[in-house]
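Input: structures, listed below.
After this come two complexes, each holding chain A, first together with chain B and then together with chain C.
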Partner chain A sequence: MSVVVKPVNQKAWWLIVPVILCVAFSAIIPLMTVVNYSVQDIIGPGRAVFVGTEWFAEIMRNEDLLSALLRQLMFSMAVLLIEIPLGVLLALSMPERGWRASAVLVIVALSLLIPWNVVGTIWQIFGRTDIGLLGNLLVGLGLDYSYSGNPVQAWLTVLLMDVWHWTPLVALLAYAGLRAIPEAYYQAASIDGASKWAVFRYIQLPKMRGVLMIAVLLRFMDSFMIYTEPFVLTGGGPGSSTTFLSQFLTQMAVGQFDVGPAAAFSLIYFLIILLFCFLLYNWMMRVGTQDKGGER
Partner chain B sequence: MARIELDLAHSYQRHPHSEADYALLPLQITFEDGGAYALLGPSGCGKTTMLNIISGLVTPSRGHVRFDGRDRTHDSPQARNIAQVFQFPVIYDTMTVGENLAFPLRNRRMPSDQIRQRVHHIAGLLELTGQLNQRAANLPADAKQKISLGRGLVRPDVSAVLFDEPLTVIDPQLKWELRRKLKQIHQELGLTLIYVTHDQIEAMTFADSVLVMARGRVVQQGSPAELFERPRHTFVGHFIGSPGMNLVPVHVHPDGTLQLQGQGHGQGHGQVQGPSLAHTDGRRLPEGPLTLGLRPEYLRFAAEPQPGSVAAEVTRVRHMGISQLLSAVAGGHEFKAYLPADAAAPAPGARVHLVLLDAHTCFYQNEELIS
Partner chain C sequence: MSATRRWPRKRTLFLVCYLVFALLPIYWMVGMSFRTNQEILSNFTLFPHHFTLDSYRLILTDPSWYMGYVNSLIYVCINMVISIAVALPAAYAFSRYSFLGDRQVFFWLLTNRMTPPAVFLLPFFQFYTTLGLMDTHLAVALAHLLFNVPLAVWILEGFMSGIPREIDETAYIDGYSFPRFFLTIFLPLIKSGVGVAAFFCFMFSWVELLLARTLTSVNAKPIVAVMTRTVSASGMDWATLAAAGTLTIVPGAIVIWFVRHYIAKGFAMGRV
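Right after this comes the complex of A and B.
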């Protein structure tokens, strides 16, 4: 029996050094500073006390934070529930080819090109009851509309703004997915006598799985971290009805300088997003791909 | 089940100007009920267009499609009750094999016990029974294509089943088997089958009647034997057979003798008068230029001059397993001839006399068969 002696060569480690450095500077080091803050009480420059999990325990008791979290979850769910079906519907009704397709694509993509704080400003004016088109119209219809006075209306206005701003992204992704379906599928479906609904259910939707997953993940992450637009539109009010998580955190960290609890919650915030994306990804990858029993 | 009549022309352009703008030039064809047909031709000859017109995926720019005498030109594939199988497998990813097969029946609201029976019958024919509960998306390409075939065959009452090069993705071993299956299904169910292919063997083994197409035209319709024995067009002679027919220009003199029109052999100048052929058989040929065609399978040769022969020089002999293929040059034209595997072949460079006139010889004027 011969023994193959492999020469030991550790030089390959050098090849992954650039990656380790990149990841360290882009993710690990910033994250570790947050971890560092979350377990210490910083009393002054150079004076810090290790407090263990105290900040975590404290923020878990913070009613305002929990209600901001709840508000945020409801908002993100509403965003997904509205924007994904609406985007798909929009994509289905867009022209397939020709100059109309190009024109519609440009128009649909317009709202995506506007900076976020400008979006907030646009809607702030749009919703004003004195000079804004939307506000004036609603008041003219006899509705008692005010996004700065009524919490429910403020919340709905922020939601509407997000739908206006981001549904086109979903639509563009879904449109790309639709265009990638070979013509033969539609021909086969037509031969098989499939209804429009069956074509959607059994061809278009399954073929859009990949892009829709990206759309859901992007829209979830983005909406869960929403900051600029409601900040510009309502400033988080009235009361705290449109104070979403990131704004709450910013107030806590920068406004009140409660760096410890803010850091602790940042970590939890991060983990929520990570966990949710992980669950969503796994669910969407798995749904509709398994065999239904029987022999293999 | 239906008798399908086509009387139409089609162009994908809105304002076609020349013949080249047409995918299908004006044509009249009838597919009899219960027949097995093949549309055979090179890529771009219009065969898929014709298939899509029959199924209703494409509406012809002129003319009519009739099923049993009823005008169906503007009916959808659904209304025509056509089944079609495409070149690449189309399966519904989220469904199991069984659900895929049942899909065309479910869409037509067939009772579920009948659906189950049909699905099992077709799955049995295509040997898919063991995989009925498996998700179709996880299967290899050939199994997916079998599902596509199955979906085409599952409806018992279709007007016709159309196949658009359905065996492209299948490996040769299984190809034979599936072709045999299709043939068997055709005999069992008596369906009208129309099969598009560019593979002559596939067309010849599958169909009772083969339509050879070229540049938007049906150049010949006939049984495989007719296409082989009496190609009506030089294109058919050239396209059918491997290698195709030997086609050479000849000149008929007023006295009835034939002369092979030679070709400048690497000398760069015009025609060289070739050797003369004694006109021996009884056929009357029109004076002037013609094309003579003779299949390599029928081309004999001899060591001595014979009636209707021409002197040639052997250039190459290739052994092809079950036969030998001899190449010889006469008057600058290359001729191919098949020899039995065990025959003593002349060596390259040897002088032989090719017998060009024979009962199997065909003559063409302007590419069309005469007499």
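Right after this comes the complex of A and C.
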């Protein structure tokens, strides 16, 4: 929250009513359906039995799910650890103005605008060793590369695809944050004889905190919910090395039509994301306030 | 000029390397779209040998293909307009006033973005069938509000918090009503925020597949779903898929071209 004290005005609620209505329509009502399913066993049309927490217990005992969860966590952490620094570095390297800045912005944003199933398909052929550029390149370098045969390489390929796909989001946000820093800050720093690292650490990084918070949370949420791209690229294989949580869920809900357990799983899934976002949010808030203390 | 002084070669080199990395898969897609399927699958070549526009001709002459783009554009635009329209007043409320439960509501809004779309497939399907909205553009536009409204509120709130409160107060003293002040004074001040929020709404709605595919069948079928027909029993129609993919970049590239100045002008988020 900002430091400025805002006037208390309960009428402001009227201004957020439209948002609440919209989100209620597209989130609360469907979510209630999910909750409803999660505690019932649907035997046939119009016939359902209340089963309480049975589905939840069943889900928690499912070992495939636990390993999918572990895989998912590792994936999301790897995504954050690679994409956030890379995006910031990219933003620092992008030209500041002129036609070059425009051109670089558009090129960087391109990968964000490709539909997710196309991303998967393109990488599927891009990574093939017989006809794809990446596959050919890696084999040319003497690697025994195959994203469809080797579990580790499959996982790494999905990660590389995600880095290619989403680092631009971090870069665009960080770039916008950097451009908002007044020139006076840099002048003051150069008078003080600050090193490049000091400029980054004490001016640029704190000023980017707001946009980086958005970037970190968005990347965490979205990578945790990743579905289409690995589904198209590897189909979750080889084995189950790239079966992430949402794919697991979809298999359960649509493939096997286990509505009850799938709904219970959905709720647990949602709570996990919520928990991690809450932790990240609070952690970044705390780190941010310490930064402010350092500036004074 | 300090900008040029802070411009070491290392960074330019890094930038060029990244751009190459970013463009290679796109180059491969565009390259594939100019080839025949036979050439794509037979051998590895850096450039198309038999340059052909057949894939593009197919997409641009077959209504079931090009209507996919029209359908997608329709629901993306509806979604964008609704998202921004409801997010503007809410973001104003969050940035200017404190009221009962404001932080809680703000975080609750964000939590809606954390729900995996896969969770909502079945409930959405049933809900929109009951409402008779299945296979309409409105259904997809409304479903995509789920992840776009929270983001739009978040971004707009950041921009609004950067505008000094004195501007509001002066306007009210001058006798402006809230709607008149908001539309004639405040909105022009945050237009870059609106541009950036609109870009993000456009992007996330344009590329989403799961919900869009589930909620449509014929009349409102989006391009992302039309593309899945290139997968058939006889194998993939790679060239057509690549051409369709290349064409999907175009509208987004136009949108980013319009908002590039807003991004390059910079924004810092006030709230967080």
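Some observations on this one:
One rule holds in what follows: the second predicted complex is superposed on the first by the 264 of 296 C-alpha atoms of A that agree within 3 Å, B and C clash if a C-alpha of one lies under 4 Å from a C-alpha of the other, contacts with A are read in each partner's own complex, and residues count from 1 in each chain.
Just so we're on the same page, a contact is a pair of C-beta atoms (placed from the backbone, for glycine too) under 8 Å apart; a residue touches a chain by one contact, two chains touch by 3 or more.
These figures come from a predicted structure and were not determined experimentally.
Within the superposed three-chain model, A:64 lies out of touch with both chain B and chain C [touch as defined at top].
Look at A:266: by the touch rule set out above, it reaches chain C but stays clear of chain B. When both complexes are overlaid on chain A, the residue A:90 reaches chain C alone and has no touch with chain B.
Of the two partner chains, both chain B and chain C are touched by A:190.
Of the two partner chains placed around the shared chain by superposition, chain B is the only one that A:202 touches, whereas chain C remains out of contact. Within the superposed three-chain arrangement, the count of touched residues of chain A is higher for C, of the candidates chain B and chain C. After overlaying the two complexes on the shared chain, residue contacts for A:144 are found with neither chain B nor chain C.
The interface of chain A with chain B overlaps its interface with chain C at residues 187, 190, 207, 288. Of all residues in chain A, only 1-2, 4, 6-13, 15-16, 18-23, 25-27, 29-31, 33-34, 37, 89-90, 92-94, 96-97, 101-102, 104-118, 121-123, 125-126, 130-134, 136, 164, 168, 172, 175-181, 183, 186-187, 190, 196, 207-211, 213-214, 217-218, 221, 224-225, 227-228, 245-246, 249-250, 253-254, 259, 262, 266, 269-270, 273-274, 277, 281, 284-285, 288 touch chain C in the complex they form. Across the complex, chain A is touched by residues 2-3, 6, 11-12, 14-15, 18-19, 21-26, 28-29, 32, 40-44, 46, 82, 85-87, 89-90, 92-94, 96-100, 102-103, 105, 107, 109-124, 126-127, 142-143, 145-146, 149-151, 153-155, 158, 161, 165, 196, 203, 206-210, 223-224, 227-228, 236, 238, 241-242, 244-245, 248-249, 251-253, 256-257, 260, 263-272 of chain C. Residues 52, 55, 57, 76-78, 82-84, 86-88, 90, 92-96, 103-104, 107-108, 130, 132-135, 137-138, 148, 151-152 of chain B are the ones that touch chain A when the two sit in their complex. On the chain A side of its complex with chain B, the touching residues are 182, 184-185, 187-188, 190-195, 198, 202-203, 206-207, 288-296.
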